[in-house]
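Encoded as structure tokens, the structure appears first; notes follow it.
Chain naming follows the written order as A, B and C, and within any one chain the residues start at number 1.
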Amino acid sequence: MIDRRAALGLMAGASLAGCGRNDGITRLSFWAMGNEATHAPQILPAFEAANPGIKVVVQPLPWTAAHQKLLTAYAGASLPDVSQIGNTWVAELAAIGALSPTPAFADDLLQDQFPAVLETNRIGGRAMATPWYVDTRLIYLRTDLLARAGFDAMPVTWAEWKRAMHAVKRVAGDGNFAILLPVNEFEQLLTFGLQGDQPLLRDEDTRGNFSSESFRAALAFYKSLFDEGLAPLASAAQISNVWTEFARGYFSFYFSGPWTIGDMKSRLPAEIQPHWTTAGVPGTTGPGASAPGGSSLAVFRSSPHQDAAWKLVRYLSDPAVQARFNVITGDLPARPSAWAAPKVASDPYVTAFNGQLARARAVPKVPEWERIVTEMQIVAERMVRGEFTVQQAGAEIDRRADRLLEKRRWMIEQGRAA
Amino acid sequence: MKPRVILLNVGVALIGLIVLFPLLWMLSVSFMSTGEAAVFPPPLLPGRWTLEHYRDLFVNQGMGRYMWNSFALATLATGLALAFTVPAGYAFAKLTFKGRDRLFQLLIGALVIPAQIGTLPLFLMLKSIGLVNTYAGALVPWLASIFGLFLVRQYALSIPDEMLEAARIDGASEGQIFRRIVLPTLTPILVTLGLFVFLGSWNDFLWPLIILTDQSNYTLPVALAALSREHVQDIELMMAGAVITVAPVLILFLALQRFYIRGMLAGSVKG
Amino acid sequence: MISRRERAAWGFVAPSLIAIAIFFVIPVVSSLLLSLTDFDIYALADLGNMRFVGLQNYERLLTNPLFWQAMKNTVWFSVLGVPLAIGASLAAAVILNARTIKWRPVWRVMFFAPYVTTLVATAVLWNYLLHTRYGVINWALTSVGLPAVDWLGNPDTSIPAILIFVVWKIFGYNMLIFLAVLQTVPDDLYEAARIDGAGPWARFTNVTLPAIAPTLLLVSIISVAGFFQLFAEPYVMTQGGPAQSTVTVLYFMYEEGFKWWNLGSASAVAFILFLCIFAVTMVQLAVSRRLGGDHT
């Protein structure tokens, strides 16, 4: 039996067809991804109460489809008014002229921000999007298995870490692994790649630099984790439930961002709760770097509701609101002053992110970046499956990156791109 | 002789089981509670029957909206496809006009060209006239159905010329003849073609995926594909979504299967 | 002067022909033109960023390993899929054609039913049936003592895994066609063969096969074209993975065009796909003509 609520939902869905009602209320469409989409509706009522003329309609997007959806929506002229966007997409969306730069009246939103994060949102000297939350990836780990393997703290160098992984795998037993590195996700390898001292692109970011000595070291380390049986050769889709598997000890180290704190708290069984924590990324010789990630709030140029849209951005950037959102989602506030809020400051899992953010290292700001790292991962997956050696993989990534950057080289020569 | 008969019938029943099992399993899992299906060995029947996933789909995931889109688009596509192809199919079969046979040869030749070739320019074209992300944009390919035209023509060939001539002698206009004589005669193939288009539109994926860029316009398959990326681990929820998507077309097909199968054989064997 | 009847005829065909011209012919032709440009997301923003690049898209595709991988995968899908699907259809048709089968109409409809189901929905369903750890198929395998297979996770088994699904979904279609043809074969022929002492296999090769040979050929042409256009299956089940082992040409075109917005290069892919389908069709038509000649 489908109850009345369901029937109502069905009718509501049908009646939405008559959008664009003219009742004096501005309906702001707001696209958000994953966790933020799930929880944003909890903090929006206060905004709507303060702005009676504005109603916010949240549309959730899966992270894996979000980038593509934004471009598709741009092509189809169906962009929302405001959207959450990945930091690394700012350059691309700015290049096609989709973003509305921060107007003078909202300049104060750019105060009280992490400089490295703000920098990723600046294109040609103008802020094109406003940081919403910051993140960076670090390691989630099973402290009990690590302790049983004879390690009382997370190692800080690659060599030591690998020793720990071997020990953990022995403790976890047959059929289990030490770390999960889904072969369809580029973030893990990229993080390894950031530990080196050489930049990822060269010649004004118009050519790949993936054959550099330091990136080859990252490739070799990545490959060795699979070769030595420490990581399962699986894509994310094949791990049917990350939390169940983490609880079972299928893997003990997991690369992720702050959004996973909430999932771990709610999805792991009670008996595992005392036995996990977060720790910084190991580097080649000491605590490692990782990419300053996070999401920004973008107002699109196509939006007819610029004022209302910026009101929403202002509300979501408010340190108090960000502190509240942190409690709900685990997202780390973009405004440093929000970190002082007692509930943010007291979370033990968050402290590791503090240190990790201090060691953040920016990735190149070119519109093609998303595609370059996608190609990088395609090559890397083939490498771990034995099709390429480390050397060949580096050269292959360079070749693909150079090809992707050809248009950029031409546009720079023509003076058509910054 | 007897054991052979039994063996054959058992063999057929076994194929039947393999064919039917996935669909039954889908139905069964859709009633299981969350997480129940993700164990080994996989359970065949729910331990506790629940409708929570159907409720979740309609209340939280906007399934009602997608269902409405699918239904509206399929209905409109059916109406439009019939309106465009039936008169043309009849004319190619029974009316003479200059260049008819050459034109028909060309159309037959064009059947070899997969429609996907034109997808990209068609998208740009529709973008320039503002039809991206509209029902109209999603319906456009159904107007240009060479196959439908061909199917109607094959069937219309069997209309006796004497019948049309008699009506002409009685002074009926071509439009009247079409309405009063041709359409009633063509009814079976109209049902068939309508069914093809309705199912085709309901099940279509690539074009709606490209042209319907906003979630509120998604059809069921597009929404289901998006949902499956977000909810891979929620087997039970996804199966409920699959049931909702498949059930209407399956029921429609079972109700009208005679028309479907007859038309399908007419379209392919003679081709 | 055009007669009244001819005017009426043009009135009947015009809407349809105009629609076909605008929404089919023009796009197909422009596709060729688009494939000679580097139309990309920058050009979408400003047409000034589009360049005419001649055959560069084609050159690049031919040196792009992923494109060749997509071609190779597509050929594998067809080479394995066409015989499998047609074999299954034929087997089912022959069994169903036996006079001793009860409830034939019921089986006919049941076997055909998967064909009309929504591809995306059943692909999602099979994703779970093929699941490595909790899937019904691996459960069946392990319960008869066979090892579990990492169907969609291993590049070597991902194509067969998708094909299992595809065959399940489509075999009923060709089965119905074969069945219709088989029912036109006179029983006397089988009787005569039986009297000559031919066993079931000999009757199949001497009576059944010759009777359906022309249909078999036609059906295989259509099937090859169909297998060349696989898209939703990898999109839903594997997203092209693992290790791009299920990226088909159409999937590659979709990603190139609508994920990365390289419409120029994607059009080149579309055009190459068309040439492939066209070539296969021509070869098969030529073969069929020769076979037809033998028969008369």
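Definition applied: a residue touches a chain if its C-beta (ideal position, glycine included) is under 8 Å from a C-beta of that chain, and two chains touch if they have at least 3 such contacts.
Keep in mind it's a predicted model, so treat the numbers as computed, not measured.
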{"item": "Farthest chain relative to chain C (centres taken as mean CA coordinates)", "value": "A"}
{"item": "Pair joined by the larger number of C-beta contacts - B-C, A-C", "value": "B-C"}
{"item": "Centroid distance [mean C-alpha coordinates] between chain C and chain A, Å", "value": "38"}
{"item": "Distance between the centres, which are taken as Cα means, of chain C and chain B, whole angstrom", "value": "17"}
{"item": "Shared interface positions of chain C, touching two or more other chains", "value": "133-134, 258"}
{"item": "Numbers and ranges of chain A residues touching at least 2 other chains", "value": "72, 75, 237, 240"}
{"item": "Numbers and ranges of chain B residues touching at least 2 other chains", "value": "38, 123, 210, 235"}
{"item": "Chain B-touching residues of chain A, taken from the complex the two chains share", "value": "1-3, 5-7, 9-14, 16-17, 19, 34, 59-62, 64-65, 69, 72-73, 75-78, 237, 240-241, 244"}
{"item": "Chain C-touching residues of chain A, taken from the complex the two chains share", "value": "68, 71-72, 74-75, 92, 95-98, 183-184, 233-235, 237-238, 240, 367, 371, 378, 381-382, 385, 387, 403, 407, 410-411, 416"}
{"item": "For the chain C and chain A complex, residues of the former touching the latter", "value": "38, 40-42, 44-46, 48-49, 51, 60, 66, 131-134, 150, 152-153, 155, 238-239, 241-244, 258-261"}
{"item": "Of all residues in chain B, those that touch chain C in their complex", "value": "4-5, 8-9, 11-12, 15-16, 18-23, 25-26, 29, 37-42, 83-85, 87-88, 90-92, 95-98, 100, 103, 107, 110, 112-125, 140-141, 143-144, 146, 149, 173-175, 178, 199, 202-203, 205-206, 209-210, 220-222, 224-225, 228, 235, 238-239, 241-243, 245-246, 249-250, 253-254, 257, 260-261, 264-265, 268-269, 271"}
{"item": "Chain B-facing residues of chain C, complex", "value": "4-6, 8-13, 15-17, 19-20, 22-28, 30-31, 34, 92, 95-96, 98, 100-102, 107-114, 116-122, 124-129, 133-136, 139, 143, 168, 172-173, 176-177, 180-181, 215, 218-219, 222, 225, 228-229, 231-232, 235-236, 250, 253-254, 257-258, 263, 266-267, 270-271, 273-274, 277-278, 281"}
